[in-house]
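In this document, chain identifiers A, B, C and D correspond to the written order of the chains, with residue numbering beginning at 1 in each.
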């Protein structure tokens, strides 16, 4: 298992360009935040789908690191996203991940994505990560 | 909106061969039960994947009927299932659905499937239903 | 690798209740057939979703056996199905699988499902199988 | 229906920041290209998942525009991506989309993503778009 601080240090060192901020991690879950600015928007004033996917992927990764420790080689193998509501162009995106299964080689988790302060999720993601065998 | 009793009567009349039992419905959610016998098992003594999908689809449908009323033409448009643990061959399968979005033409929901009495889900489903325009 | 005959014998011995008929296998692909009768239909005279999923799962499994040999412990880990057209109630369902990736521990494949004789697919499936490490 | 030129003009006007280049469109399919530079890479020298999703989404959108004409309000409703191989850090990503169903309100398509010049896809996507009713 890895603490919030250990994960932050690892992310800073290994993923310096990532804009995801770890808000909370532990108990097979994680919450991350992604600030939204011009780069994250698409015409019509909404957050682009790939940004939502980035946040979901980050939330999953952080939840996994929190559970099994710093495993830099864990990779996303599949991801299903349902877009449900138009995200706000002026609010951060918050991703809340819950791990559903932590297997030896596969981890499954779900992520709800929110415009900060809104109760209803803008998108929902289910994703799987492959964990290298040596771990 | 439709009550548990209205949904049970509709299911009995329109889907007489369905083995899904409505346990609870309301507040954008539903719980259903499927008894498990020889027909539902596959070699190795586990519940077959299509049976799990059947339960998930039923839970979604019941939750939708509970929310928007008896709409016989609602149809599944997509479904993603992640198999996570081996279901028990001797316990009923319980499906718990939560609707994530109730749009005019599309409904999105997720379902966790359990072997009765177990805390950890055997499978997780996200599905979408298309609602006919006249409704 | 396993031949069509070897796969048929294995299926008959290990999955005696399976209704899937192997039509062709090889070159990282497989074609299977499922006869459609009263048991496979649902109200409205169409093939039920779980039957379509069964055919897709079978096509994937046969394609995998054809590629890596008889591996009885291979299990489906995830499956995404999109329902696209109403299947005929009087025609067999044909499933055509193409493997997209054959990894050491994960196999990914896609399956198009047809009412026999129709050019347009009734449903499309992408699925992943986990292959036990000892293989 | 819209031609390659009409789609290019529409994309330039409405999605000026999009980096997707239309290579071909027509017959319910499309091919797009995305150049890969520093912004698209992640540590380890591979193309990031969100970039792959961007290319897939663009290929789907272009194929839809080619089929039903310029419909700016078409929106992605769901997307399932399977990551299969590590993309090259020095080659463009090519997305090849085939539409599977063109319904009145929903379009389903699949996209194979390649590092240019490689035969084996790095990722596979199935996505659905919702088409506004007035169209």
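Convention: contacts are C-beta pairs under 8 Å (C-beta built on N, C-alpha and C of every residue); 3 or more make two chains touch, one makes a residue touch a chain.
Predicted model, so just to flag it, every value in this text is computed and none were measured.
Asks: Would you pick out the chains that touch subunit B and also touch subunit D?
Replies: Correct list: A, C.
Asks: Counting C-beta pairs in contact, does A-C beat A-D or the other way around?
Replies: If we tally the C-beta pairs in contact for A-C and A-D, the bigger total goes to A-D.
Asks: Between subunit A and subunit D, tell me the centre distance in angstrom, where each centre is the average of that chain's C-alpha atoms.
Replies: Measuring from centre to centre gives 23 Å for this pair.
Asks: For subunit A versus subunit B, what separation do you get between their C-alpha means, in angstrom?
Replies: 28
Asks: Provide the C-alpha centroid distance between subunit A and subunit C, rounded to the nearest whole angstrom.
Replies: Roughly 33 Å separates the two chain centres.
Asks: Among all residues of subunit C, which ones touch two or more of the remaining chains?
Replies: 77-78, 80, 82, 128
Asks: Considering only the defined contacts, which subunit A positions touch subunit D in the complex?
Replies: Where subunit A meets subunit D, its residues are 14-15, 17, 42-43, 48-51, 53-54, 57, 75-83.
Asks: Which positions of subunit C touch subunit D when the two form their complex?
Replies: Touch list, subunit C to subunit D: 80, 82, 84-85, 100-101, 103, 108, 110, 120-121, 124, 126, 128.
Asks: For subunit B, which residues are in contact with subunit D within the complex?
Replies: Contact set of subunit B toward subunit D: 77-78, 80, 105-106, 128, 130, 133.
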